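There are two complexes below, and they share chain A, which is joined by chain B in the first and by chain C in the second.
Then we have the complex of A and B:
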């Protein structure tokens, strides 16, 4: 029945400072059973994969949970991806829009101009070919106009003639509302040099081209043409041209939508190109934060993100190197402490075996020699306890301390601890034990915990010491050791579990090794529990151990 | 007074322990190596072997195995290191108990006495020979036979079996067994019990993997039977 529970991180080691209520005795059981394992699982901190680049392990379980957590954060409404997509779409839309607008304008003017030029020159030709004789005869003029009206180029036109107050047209109505005063003014203003005028007009949503050509007669060859006062107007609908232009706009719009849709693709690709390295970097940083210093990013390409990844890798390698070095140094220091204790044990074994011989014979020696001999004997015993405690502590530090659990009756266990140390006088140690609590404990370690706390209370507090055992909510075993002493000074409280901590440096060495409470704490931690020191409001120190059941 | 053979390579430990035990009236012979110790066995005929685990050349575990090949001499291991593995291997090899160095002579002697002590008779009018299935246990002659064939049991194995068969079907926790059979204090090393049970099963059970005589009750301990 061997259960190995690696110890937790030992508390920070402090220099021995001033204080006294701290280190208790190791409260060793008087037998070889007071002995703990040394060999155990190795020092499990070395990175498994020291060298070589590894991708951030997306395959392993922590990575999966990491991904899960990322998903848990949800898509960000204004994340990099969204922003990039919007930017791309905006650029594409502006591009399409501008192109369409420019194209539309250019095409429109080209179409209209062409129509206009054709119409104007055709109409002028018609007017020039008009052979009129003055005075004007309304009937023949109308015939002429009808003739011209049939020649409409490039589209059909309606023709009107104005002469003084005479109004003749090729249609039913003598004049057209489309003809504007400006156009009339333009023709008449140039009476000296008769000139063609034209204008585009939109009436009731229909676009028209209106052309005005004054009829002239040539007096003689090479002479100035003289206006006759007769002006001919042509009105041409441009609806068909407008329809062509409309078609252009529709085409431009229909082309822009797929362009925008296509712009999404590079946007997403670009976002991916940025986001993937960023995500890898975040995962890697998180992985480093969890202590996986061998985490590296797969850096490819030569862009800024790749540079960042390489810098990350270099920093990680540097960090890993220095941490490894620190760990090695720490391991060396621990190993040294452990080796020293080991080396001390063998000579101590010989010395300890003969202390009784010294004690027995001291009576027959002269007084100085007897005192010296007794001193050696007594100190040898203490030294053995100290070395034993050092060994125990170094096993905790090396995480080689093993838990050999057994299911025990806790009240029974505590009773045996008290009776084993002859703490049977209720005036000295009073036990209030909840019966019937069964727990999986390492009996030897639990014995050390209880004995150290009671021994500490007896040494530094005042009797009667009370030991209380109960189960808290059925899930936690609570052992409380309280005394009637002066309590622990608040300055000292945070340090009572430190190794070799002395509240008062001037104070003489106590009977304990100075490691008793530190060992207690380690033993409780090994059980997955906690131990706390405090003061009772009514006075006296209280140590509370909680171990999960 | 018991005769003790001490095999220990470190001179100061050897001398110290020898001195301490001799003062308490034991007859002690020492040997610095396993080979020398084995050679001294036949001639010195000790009542008990104190055996250091870490020996140059032939180590303590090997010595232990060699001794167990033809003898049920009580063996107590001395371990200098808090080495779990060595303790377990030593116990599997047939040692009856172990002591962690450094230890006071008082402690060593108490352990020697405990291992050598004959199990106390519960008294009453028990028959000299009890039969449990194929096993016959002779409490007076301190022998155990299976199907009439005598079994060679080490002292701790015999004591454990006698203790369990004295109250068949009663469950004993390992801590109780440590107290009564090994005379350890209550908080002793339960691996002593487990290792001894394994060795005992290997000798008395038909199929040690599916024990019939010595049964385990998870979370509580061991009991003899029911058959």
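Then we have the complex of A and C:
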């Protein structure tokens, strides 16, 4: 029954011609492109590499959305760049901070030591120049203190003296609150030989240097010094030193901040150096995934990333080689099937003509010969159907099948199909057609779909076969073909659309070519629709075709 | 987690910078010996009397042997006949520079110095809060030379009842009177007995 469609196709007849003229398979232009016109004016104009185009186009949509997602992502919060910059800044900060801290400490103690040493030795010198008589009286002591107070080095100092109960100073207050008891106790200690002592004191936020000097005298030249009981104190403000030290902090900060800013530059350069190859690699991998196996990365340098790029390139080349090999093998196999069916077609056309004549004359032959002749005639027809189906399938495989849509009335189409096959007996085929449904369909392919499904139902199910056509929600065209047969066994259901699938292996011969449902499925898919097989709860198989309107 | 560790490390690195800013106070630092002053008058023409400061520390007082007021010269005269001559000779020191060292006990200058000590602090010394812990003495202190070296002071008051400060006063004054190095061991003896021999340094320490 399927003969009706491919057989009736005018292009098939045309095509037999040129192909027949070909001297042999070896001389023929290789590739299905040679066969492309064979499908008739409407079909197979797509070149072979069109197949290569179709695949990427199909996968383009998800790929693009994926790419869009990755590109759309801005700078990641914890991306490589952020981490690198952070690490660089951290290293720079630690380096700057440590250096600044150490320098600051060293400089601070140098400044303080300088001041302290100068002050202590100057004060000692001033005391050593003293010429006193014991006991001391307040007046002369005060004169001497005023003299010493004028000699403050490196900064001015205030001088205090303690002698017995006398408290004398160069200022208007006889004692200073800055002097600590520890310092006093140290210079008054009787256990050890008297020593000069100093102490830094911070009072009310002002740093002071306090120096305590016990005056000793010699009882004889070269003898042990003996304490006179006189202790002199000097109090010196360290504001100026503090200012110097603060200047150090400012300098350290002013040095560290530009260093941090400068550290950003190598950080960004390093990040770029890493990220650019990574980005290239990602684009290349995405491009490979989209099927462009000739994608290569420009690998330069000798670092690990360049090695990675080279490895990627080698892998890509290897992959491309393998895939090309596979595609070539697949193409060869397809072309072989197509070639074989093509080659069979011409002799078959001749045989069909002969068997037709023989069939007509069979009546005049004796019965055995007549049966044999009819058998040959029937089998030849089947063979022709098989060959046509094979060619159709190989066009699908080569993706040479094209859709030539036209706005048609679906009910009209189905009616035409049924009447074309002489399925006009309502006992056999009962049509329930929703009127006025218009759809953009390829009339020839839709005809094949309906004819194959009805033919299949008649062949494997039982009459009456019902053909229902309706629009589902105005967006989907639904064609349903059901029969009253035993239905399809659940084990078989998933395989009914496979090529040459036999539901019952024991029944090797069937009336059909074994390709009918496979061709149906391909045609429906070409329309962007689906076809599914199922069983009606009330019995019988139901095939449902859904094509978007 | 790792980021927190890194942050901590950065803070730790910045800590010395933040914590150590400015000038901090310090402990008392010793910076060499005490400066030596010149005490008037020159050692050759002075005597050193050890009194006590307000906290009981020994306070040396230097008096000119020529002009010093001797409150008790008359009392010492009966003991040493050539008292006035000795006072003059004390001006050039108790025989150190002359080369011929007179026995300690015979030094009348020492007796005079001790007499001056017993007399107590004078006007300027009072002003400075200088005191003495020696008791009022009825008589002079006699000075004897010890055979084993050093001197023995025979005081007319009870030696064992003397305060530590008073002993320091006696020992140091006597030691520096007989010898300017002040290293001679001194034994203080009273009617109630003698204290062990000690040096000025040991007594003051």
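Rule of thumb we're sticking to: the second predicted complex is superposed on the first by the 465 of 549 C-alpha atoms of A that agree within 3 Å, B and C clash if a C-alpha of one lies under 4 Å from a C-alpha of the other, contacts with A are read in each partner's own complex, and residues count from 1 in each chain.
Keep in mind that, in the parts below, a contact is a pair of C-beta atoms (placed from the backbone, for glycine too) under 8 Å apart; a residue touches a chain by one contact, two chains touch by 3 or more.
Treat the numbers as computed from the prediction; the structure is a model and nothing was measured.
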item: Partner chain in contact with A:447 - chain B first, chain C second, else both or neither; value: first
item: A:356 touches, of chain B and chain C: first, second, both or neither?; value: first
item: Which of chain B and chain C A:199 touches, first, second, both or neither; value: second
item: Which partner reaches more residues of chain A (counting touched residues only), chain B or chain C; value: C
item: Partner chain(s) touched by A:261 [first = chain B, second = chain C, both, neither]; value: neither
item: Contacts of A:137 with chain B and chain C, given as first, second, both or neither; value: second
item: Touching partner for A:402 - first (chain B), second (chain C), both, neither; value: first
item: First, second, both or neither for A:342, with chain B first and chain C second; value: first
item: Intersection of the chain A residues that touch chain B with those that touch chain C; value: none
item: Complex contact set, residues of chain C against chain A; value: 6, 9-10, 13-14, 16-17, 20-41, 43, 48, 53-55, 57-62, 121, 124-125, 127-130, 176, 180-182, 201, 204-205
item: Chain A - residues contacting chain C, complex; value: 86, 90, 93-94, 97-98, 100-102, 104-105, 108, 112, 116, 120, 124-125, 127-128, 130-138, 163-166, 180, 182-183, 186, 188, 190-191, 193-202, 207, 211, 213-220, 223-230, 238, 241-242, 245-246, 249, 252
item: Sites on chain A touched by chain B in the complex; value: 1-2, 29-40, 342, 345-357, 360, 381, 384, 387-388, 391, 395, 402, 404, 406-408, 412-413, 416-417, 420, 438, 440, 443-444, 446-447
item: Chain A-facing residues of chain B, complex; value: 10, 12-17, 19-20, 23, 79-87, 97-108, 110-111, 173-175, 178, 184-191, 194, 219-220
